[in-house]
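A, B, C, D and E are the chain letters, set down in written order, and residue numbers restart from 1 in every chain.
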Amino acid sequence: MIFVDIATIIGIILGLVMMVFGVISNGSSITEYLHVPSAIITFGGAFASTLTSHTLQEFVTGIKSFALALKVPVLNTTQMITSIIELSNVARKEGLLSLEEAATELDEPFLKKGILLVVDGTDPELVRGILETELVSIEERHKKIIGFWDTVAAMGPAWGMIGTLLGLVSMLNNMSDPNSIGPNMAVALITTLYGSMLANWIATPIANKLRVNNAAEMQQKEVMIEGLLSIQAGENPRVIEEKLKSFLAPKDRENPQDEADFGGEE
Amino acid sequence: MIFVDIATIIGIILGLVMMVFGVISNGSSITEYLHVPSAIITFGGAFASTLTSHTLQEFVTGIKSFALALKVPVLNTTQMITSIIELSNVARKEGLLSLEEAATELDEPFLKKGILLVVDGTDPELVRGILETELVSIEERHKKIIGFWDTVAAMGPAWGMIGTLLGLVSMLNNMSDPNSIGPNMAVALITTLYGSMLANWIATPIANKLRVNNAAEMQQKEVMIEGLLSIQAGENPRVIEEKLKSFLAPKDRENPQDEADFGGEE
Amino acid sequence: MIFVDIATIIGIILGLVMMVFGVISNGSSITEYLHVPSAIITFGGAFASTLTSHTLQEFVTGIKSFALALKVPVLNTTQMITSIIELSNVARKEGLLSLEEAATELDEPFLKKGILLVVDGTDPELVRGILETELVSIEERHKKIIGFWDTVAAMGPAWGMIGTLLGLVSMLNNMSDPNSIGPNMAVALITTLYGSMLANWIATPIANKLRVNNAAEMQQKEVMIEGLLSIQAGENPRVIEEKLKSFLAPKDRENPQDEADFGGEE
Amino acid sequence: MIFVDIATIIGIILGLVMMVFGVISNGSSITEYLHVPSAIITFGGAFASTLTSHTLQEFVTGIKSFALALKVPVLNTTQMITSIIELSNVARKEGLLSLEEAATELDEPFLKKGILLVVDGTDPELVRGILETELVSIEERHKKIIGFWDTVAAMGPAWGMIGTLLGLVSMLNNMSDPNSIGPNMAVALITTLYGSMLANWIATPIANKLRVNNAAEMQQKEVMIEGLLSIQAGENPRVIEEKLKSFLAPKDRENPQDEADFGGEE
Amino acid sequence: MIFVDIATIIGIILGLVMMVFGVISNGSSITEYLHVPSAIITFGGAFASTLTSHTLQEFVTGIKSFALALKVPVLNTTQMITSIIELSNVARKEGLLSLEEAATELDEPFLKKGILLVVDGTDPELVRGILETELVSIEERHKKIIGFWDTVAAMGPAWGMIGTLLGLVSMLNNMSDPNSIGPNMAVALITTLYGSMLANWIATPIANKLRVNNAAEMQQKEVMIEGLLSIQAGENPRVIEEKLKSFLAPKDRENPQDEADFGGEE
């Protein structure tokens, strides 16, 4: 199960509300700011340069990842630690092989894979090696997606400026009618506005959010690796708990039903 | 006990005084600079994009952390070293187990946790591992909070510019009355002013201050880890003192009642 | 065989289409934006400073590398892993020496070189040392080429601004005819437009694309080194498969005929 | 003994001369550029935000460090190496204990501390540990001071812009008298000028200079650590000389009375 | 022997040609752009702040290093590898001591020093330690010089802006004669033009070029260290060749008389 991330959705809607409010309270109308050719040159140009920067499949994955930023990962680190401690108790009582059955009930594929490696009797160094390679590879795939939005965030204002320069050159060459100078310059500035909106309303926050999600996932996977290797080494469940809780903020240690893995300590 | 950090509070008040002074000495009135729609678009937009960038709980923690920047950590590193040397003397005279009682009197949870691990006879490598995991996790939580203010500092000017562009487009489309051009442009510039104030008067200094506080806390915790492991290894209190004082500036070494852990050496 | 990379080519063409569309929908003509002296000062100046920044041969290699960004590497990591597992099966059944024959059929020179080192009975540490030196040296050569395009991307807008300043100074010294001010300023702005185009339409996306290609090649070569050393160590082909598949996204693990090595996981 | 650093003092004076010359050769008078309210808002605001960013003591240390940038460290690395080689000869001839007397004559507290540790028979690993902790702590204190000037350099232009925006809004609201527009805008720009001067004439060069001085001191202390550990290990003075001279530029190796530790090699 | 680096010289001349061409094709005359007070404030101010940032000797070394950027290092890595392999053959046939004679014929002081250390029977770890310390020290001296040009590149536009602000304030205070506004503003902009030229025509490309030269020299010295230690370890010349050729691009491996050490691989 994946839940919707209310912060990101509210943030994007609120950003739009702020802009609409700014326009209306200014006594202007929204239609003054809607200009299809400006939209095409700014958004089209920015996405064209982003396409040039990546392969076709990375581009498609990047676009799709917009949906990822709106989702909250279900399992939190506190719950994860509880599960690992349960597994360590099972392993201690019934042997490592008994984990195979426990693994079938797990949703988390990374933890499952690790348990199966342990059950197979794989060498601990090799278990760590395989799981860390996977961790690094996941992070590199995440970084590609974050890089996609960083490119969009850089290209939005850049193409906004190209659009404005195109408009200014045209305006400056046609100044015979003084009454047209203002509106022509207004149109020229709309691409800069669009580029700034693309970067600061959408692309940069999405890249930031994916970065935050990646950091949480990486920390969770590090907890899994530490826990799995401790289980394999037959360590005491109480020591494993002490070890894994070091990853948590103090306030999350006592309430395993608590939802967050960030800090409120002073 | 937590004391108020006078530097940060004075700095923020002084910044406001400078701006008010600048306005008044200019012969203008403060009311010229108060414009509610501009405030809503700049501050609202900046915080909306910051909300998009984080989870709801991180956002709330970030807002609350403003108060953290106004506080001074009570215990300084010089005092901390004195405490650790006292503990090492206790351990040497009465054995490691006697530290359990001493630990109950300590305010500092990190040091307390470390002592309890040592008293439990935990393996030194594991003590270091657990404490360093905790240190890294605390730093990551701090970096999230610092990242919150860095995002605000970036989004303030960005939304200030969006507001100014919205205002300029509207102004350029309505230039029939030459007398309104000046005031309309003044209004358009107010969002840029607000964005710049949000970034440079509040958000960047708060982020910087939290960074400074984090560095001091991390150094203090490193001192604790080094000290604890030396106590566990049964090292000579005089050697421990020599080791831990290497973390201090020369002038703080002789006066344990001195308040600071930064340098005045040449 | 090398295939054309459709994303990069479409991206560049699309960028041009967007600009032409912007000009035409604006009611301007393309000829307004064509100004040979502006092109010479911007492109000429940018490439002159790029030439100053490098040696002649690096400059030539940099220019030629434009073609590299338009190509897709043929072999993908999934296929590479399949080949290495086949080689490990051959080595296990017929001995390491039998790899010499298998190597002659390989297209990939890096893998071929590694196999010949293994067949020669080179010490594993030395095999890793030689292959990693080669990996690092390839990456440094790639970084030089990427640095070439980064320099072009920085110098384009810089020389665009020099051109605009040259034009503005001239315009400001000749304001006797008010009708010439607009067109003169339009001409002055064209160099800024050209510099922005050079950076954001061409140079930055090409540098980004070469960075993406380099990362993919480095990952593939790391897979080869890991695989070769596992073959040399006589590891079980099933373990080697497990190890190497950790480099892949989950969806690429089951379909070796699939084309990509990036992630679509949630 | 500490000497005045002539480069930094001449540089600051020369910068002022350049600006005064620019004003006078322009036919303007210095008084046009002196505007007390602009100075208060720019310098006051920049230092207020810097105060917010630090603790009170760090702020005071930062201000005082201005004097540090004007001083040249007396002892150079070439002389330091000569002293260490002399010490190694003493140690070799008369034993490590004889260094105690030699240490009393040394001015350099870091070297002195190291020698006393060696004379005390401290374990070499512990000597290295204590001295490297001290080295890292000194560098962190230096970095705080450098960070102070970097903050000033960032806040100067930021508050200059705030001042200019305050002035522009006021000017745009009061355009009834066309003759006042120019002078009002001139006043508005003065804060930007002051901010730019604070950053580029003073704060950035001071930060750079402190960075240069820190690098020289760190290299010198690394030479001391290497030398001390070699003396403790009883290495041949000729080998120690060879080792330590590797830190120097070739031209400084033959002339120990030469004053510099930077390179003129090709 | 040191050859002139044609790329850098042509690049600088071409940059000047582009600017002169831009001016002339614009119908302006060069004299419009020559303004001694503007030159003094921009170049004088930029070099004054650079002087403040460094010691006097570093400043002089930095200025002199301009000449370094115009030179090509004579020996290339391919030739270096050939020499090292010859030395390894000599050492294998006639013993390590026979290298002493071979060393006298070498031009390269770094290689010569290494050989003398080997001939003296220095411990391999110490040989590596001494040579790597020297390598790091050379790189730090190079980075100081590169830092000099980076400072000039940052200070040029900064002082250009200070000059322009000085000019604008003066112009805005003297707007009584409308005909003088244009030329006064033209003069104000010339400092920005000069600052941009100093940064983008000279300082940044020189810094880039010195960075490229440093990277090539560091790679060559790493080849020497690897080769020397292999010779000392008595490794097979064929293995040494394999090892060292990993540093080269494939196309440079077969033609030792080829001149370059950068890549043309796909």
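General remarks:
Keep this in mind: a contact is a pair of C-beta atoms (placed from the backbone, for glycine too) under 8 Å apart; a residue touches a chain by one contact, two chains touch by 3 or more.
The model shown is predicted, which means the values in this text are computed figures rather than measured ones.
Common neighbours of chain B and chain E under the contact rule above are D.
In this entry, chain A maps onto chain D through a rotation of 145 degrees when their C-alpha atoms are superposed, rounded to the nearest 5. Mean C-alpha position of chain B lies 25 Å from that of chain D.
Taken in ring order from chain A, whose neighbour in the chosen direction is chain C, the chains follow as A, C, E, D, B. The residues of chain B lying in touch with chain A in their complex are 2, 36-38, 40-41, 44-45, 48-59, 61, 64, 68, 71, 109, 117, 122, 126, 129-131, 133-134, 137-138, 140-142, 144-145, 151, 154-155, 158-159, 161-163, 165-170, 172-175, 187, 191. Remark: chain C residues 5-8, 10-12, 14-15, 17-19, 21-23, 25-28, 32-33, 72, 182-183, 185-186, 189-190, 192-193, 196-197, 199-201, 204-206, 208-209, 212, 215, 219, 239, 242-243, 246-250, 259-260, 262-266 touch chain A in the complex.
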